[in-house]
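A quick write-up on the structure given underneath.
Just so it is clear, A, B, C and D label the chains in written order, and each chain counts residues from 1 on its own.
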Amino acid sequence: MKDIVTPLSFTCDYNEGAHPEILRRLLETNMLQEPGYGSDRFTQSAIAKIRHATGCPNADVVFLVGGTQTNATVIDGLLPRFGAVIAVETGHIAVHESGAIEHTGHKVITLPQHEGKMHAEDLRNYLIHFFADDTWQHMANPKMVYLSFPTEYGTIYSRHELEEIYAICREYDLLLFVDGARLGYGLASPAADIDLPGLAQVCDVFYIGGTKVGALCGEAVVFPKGNAPQPLLTVVKQHGALLAKGRLLGIQFDTLFTDDLYLRISRHAIDLAMRLQQLFRDKQIPLYIQSPTNQQFPILTQEQMKRLEGKVLYEIWERLSDGRAVTRFATSWATPAEHIQLLAEIL
Amino acid sequence: MKDIVTPLSFTCDYNEGAHPEILRRLLETNMLQEPGYGSDRFTQSAIAKIRHATGCPNADVVFLVGGTQTNATVIDGLLPRFGAVIAVETGHIAVHESGAIEHTGHKVITLPQHEGKMHAEDLRNYLIHFFADDTWQHMANPKMVYLSFPTEYGTIYSRHELEEIYAICREYDLLLFVDGARLGYGLASPAADIDLPGLAQVCDVFYIGGTKVGALCGEAVVFPKGNAPQPLLTVVKQHGALLAKGRLLGIQFDTLFTDDLYLRISRHAIDLAMRLQQLFRDKQIPLYIQSPTNQQFPILTQEQMKRLEGKVLYEIWERLSDGRAVTRFATSWATPAEHIQLLAEIL
Amino acid sequence: MKDIVTPLSFTCDYNEGAHPEILRRLLETNMLQEPGYGSDRFTQSAIAKIRHATGCPNADVVFLVGGTQTNATVIDGLLPRFGAVIAVETGHIAVHESGAIEHTGHKVITLPQHEGKMHAEDLRNYLIHFFADDTWQHMANPKMVYLSFPTEYGTIYSRHELEEIYAICREYDLLLFVDGARLGYGLASPAADIDLPGLAQVCDVFYIGGTKVGALCGEAVVFPKGNAPQPLLTVVKQHGALLAKGRLLGIQFDTLFTDDLYLRISRHAIDLAMRLQQLFRDKQIPLYIQSPTNQQFPILTQEQMKRLEGKVLYEIWERLSDGRAVTRFATSWATPAEHIQLLAEIL
Amino acid sequence: MKDIVTPLSFTCDYNEGAHPEILRRLLETNMLQEPGYGSDRFTQSAIAKIRHATGCPNADVVFLVGGTQTNATVIDGLLPRFGAVIAVETGHIAVHESGAIEHTGHKVITLPQHEGKMHAEDLRNYLIHFFADDTWQHMANPKMVYLSFPTEYGTIYSRHELEEIYAICREYDLLLFVDGARLGYGLASPAADIDLPGLAQVCDVFYIGGTKVGALCGEAVVFPKGNAPQPLLTVVKQHGALLAKGRLLGIQFDTLFTDDLYLRISRHAIDLAMRLQQLFRDKQIPLYIQSPTNQQFPILTQEQMKRLEGKVLYEIWERLSDGRAVTRFATSWATPAEHIQLLAEIL
């Protein structure tokens, strides 16, 4: 233990820089002259690889810088002016984006969450009641459903659940958008029964999160049916989301989609998360939610928290009235395997 | 000449990656765990250095990713809801931002440009006539002036010109915002009679461009009087402009403001631009505009352009009726000095 | 009963035209030439009368055309760009304005409703938790509270309740906006312990609804402390809310505030509503909510509804599982007194 | 002259109330109970009459309250989110709407005006150059052309001119919107070679102005091909443009489109305007523009203006350096014929 200078950190999955391979490629290509705004060769290569990985040869793919920017650009870019988007009450766009979606003019309608997920039944009931109401034209008009995979609680949808929601969307003429800020950690989960090509079939647009899965920054938005709003560059730039040196994003995603790096580093995080889960179980520490992904939510006693003090970093999610707290431990591509062992020793 | 694989390129100042020192620092700090959203130690250090370099110990400083995003966030963040911004007709926000400013709800009012610059007299006349009109309340209300330093034509304002414009702004209760996407190349110009602390005194907000001056991405917005809209993080995030791994921007600007790197690499570009200018003069090639910064606008004949074909890249700015063309040659921090010599040999 | 051609109607309070006195004044003044945009003498006279009636000699008063327009203009006009507005989940802006508030860029945050009202305690708890959260800057920033007087359920706030809420608003630097679409019916209620001058003291802005209280159209917005956003005409016009023939609104409010007409016709509606309430009680018909204003919510059996069929119009509010329905009966300035008697005979 | 209490007024065409027939109908229908939001029988009847008058049996017709509101609702309702609208530099939306169009997020691109009109050639050149520019995706994307009929200078387009512009619009996939705030005065002009059905064929949407042509308020928007944005009521309400008592607009337009009232009263104004024009010619008073509609622009000397002082009201349009002034004299449905004679006597 002696040589650990900084404490072990499980606070979140974007506390380091980028996967070393990404930095190596940035260095290697640094002085090559390439045109701007995504017309560079790296971006074109990354697009080709993502089309292949998603099984969508005609997909439109665009690389944006961050999550909230991506959500605002996609939602505002695809919705009609009067359209609203439906999310669960804990959805990122509903809670943690400083009103960025409303800033573009669209209401976020919220439904109850179930361990962070939307239930198809809730969605259907909402839509049935909405259109049954004589005054529906006086209400914000739902034209999109927003899901996160994984959710804010680390849970994931099964393929069947996505199919059910997508069927309702098509029945009611809503688009389905899947926020994949942590997509890799969802797809790499042992509980996942869907892969990238499968996901591309059950929604209208989704994004492959880079920021939390090995990149310095960057999210790859995929419109599986070539259904991006056009002219796409204009739509993106209008939202302040067009990077002059598009190569920065192109190189990163080109690297992440070479030799399956994106899923390989995601699996690393999930392996450690499963070991974390086992560790908590072994120590009889209850889990607030059975999360199959890289975020784990153990309920710690004051004594346990005291033991971690100064040695292990994590997030307090919610303090309980009995003194205990729901906490969040996140692993990532960067988490050293030995940290699980060290945590076990401390706890 | 044989071993030059790619042609010499003077097309623009953002075709390479980042200054090597920046990449070195990214690599060096890569695995250090730091909190997100700009609360990391690098960002804090960069803020301190910029406060020092601008002579504004109380300045608010925030790092955003790109130029259009910065313009939209600053303008929308500072203007009242009904406020309009005045720019010259060639201003970047008026022409090349896909309507991003209007997308946030604000009209861009345009005045004539003089080699890319706004004349104080035009501004004063506009405001006098505006408020003299009985129906001024029926018109979009000007509350900000937007200038670029250097302008789209590479020209720069003198300190006196800025003071004049700023005085008018204060008289009419307008804010003055200086877009410094290429600020380094302006300040490093032999024609400049103003420095960073000087600039900070004659406007309400400006930004120090990184993307075109050595960074992978990033612009440092400076509110000299601590006059950023608050809560600043909310304002930034609402515009999709908050980077999760704020360290990426912090490290870059911390590096650029260490040992005067920002101005040193700017001076390199300017030295080469002045040599370019001399070269054109030596060859009796007329210059469309006397630009004192890194963008030069020689008027080339068809014969000259033929000679450059396949060997030298540059931009066609405007084709003239006599077959000649106004062209743009840009140098940057990355331009090798020997390229000027090579160009001289070809031309 | 024979001579009733159309059925008795209690469906809502805006099914007729205007109070006859208003039409008389429109006719009388029709050919007088007056300048536009609210600078006519009638508008000026109406402003003076409203300042007097509210006890606010320095109030800014502006006349807009309809409720949603008024809410959008006031909220967007007063909020900072990043500000959100808090309403109860049944608030008009949260449900029945087609997303007009979000269309101007502002999130509507919802709190639970209690018979249509916001509880001060809920508001305080929300704000305490909001600012206690480390990540509050990542959330939409509450800067205004929106209440309705009366609420969607016809209930009204006591002076004490308004004072409590206003105190919280001032403590947390939020503005308080009271939607008075049916203000007259609230103030005329026997349950009201507040009058116009009183209301003006416990909020930052409110409006006096005309459309539902005797006018063809029109709402008078009052900024008690002369605190309207300036330039007000620009703010109003930017929202498409400026009427060229402002006289149309001026004449109506000048009439409504002459000889106390506004409150007199409101009292008429309330008298009849109280008689309705008594009638339901006499018939052992339960009331869904104890509404002290012009909207009454009897729960009718299928048999009772059958009896009314074709003879009496009212709204179905909510169908209950036992076959009964919560219904809404609204009286207005235009309801003939004898209709209550006729209803009694039918029921 | 003795008995003229107020001076003769030619200041504008919205200084009186409504045509007496409209008031008569408002009075007559006042106590009839009708549902709100445009579902009343008067609105339905007015829609039928306008469909007939425009020769468009499938047209969508909606009644809004005022001009700026109509422009903002139509433009924002029909444009894609990223779309810009092209107008001449003197166009109402470009100058006199307090930035209302930009407030909805859309840039107004301006072209030169020729006596208030757009030239097809200017439009074509603009579009050719726009799309010839490599960087067109970085610019606001034109998706609509906005014309006024008559223009701000009282001039009108010929059918041929409209056809030319519409052909360009279709070639470049732009919508054509005609602002008819004073449409009646345009169609009633002896110079007009187009009628309502003709106009409906050469644009995608236009509105029939009521406010300036006999109504208290109100504009009838016509989508000739049934091409209104849907759900239309939602779009309208989202812009704060839905009137609760829609009957107020329905009754007015039903009256204006009964027995050709709209064109009859327009012709009255035009007859008087032509007599005004003749009067100025007879007095050797030059006209700034040859306006064939209800606005006339005589250039008056200081002596002439002195003669009118206190007796005749009109607008100063622009003061000339020689002491003279371009002035505007407007007639309307309400101008008494004898006022022309009286003016002749004074001048």
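As a working rule, a residue touches a chain if its C-beta (ideal position, glycine included) is under 8 Å from a C-beta of that chain, and two chains touch if they have at least 3 such contacts.
Bear in mind the structure is a predicted one, so any value in this text is a computation, not a measurement.
When each chain is reduced to the average of its Cα atoms, C sits farthest from subunit B.
Of the two chain pairs examined here, C-D and A-D, it is C-D that is joined by more C-beta pairs in contact.
Per-chain CA centroids place subunit A at a distance of 51 Å from subunit D. Centre-to-centre separation between subunit C and subunit D, using Cα means, comes to 34 Å.
With touch defined as above, residues shared between interfaces to two or more other chains in subunit A number as follows: 82, 97-99, 103, 105, 137-141, 233-235, 237-238.
Chain contact summary for the complex, subunit B toward subunit A: residues 6, 9, 11-12, 14-18, 20, 23, 26-27, 29-36, 65-73, 97-100, 103, 211-212, 216-217, 233-235, 237-245, 247-248, 334.
Only residues 76-77, 79-82, 105, 137-141, 229, 231, 233-235, 237-238 of subunit B touch subunit C when the two sit together in their complex.
On subunit D, the positions that touch subunit B within their shared complex are 81-82, 84, 95-99, 102-108, 135, 137-141.
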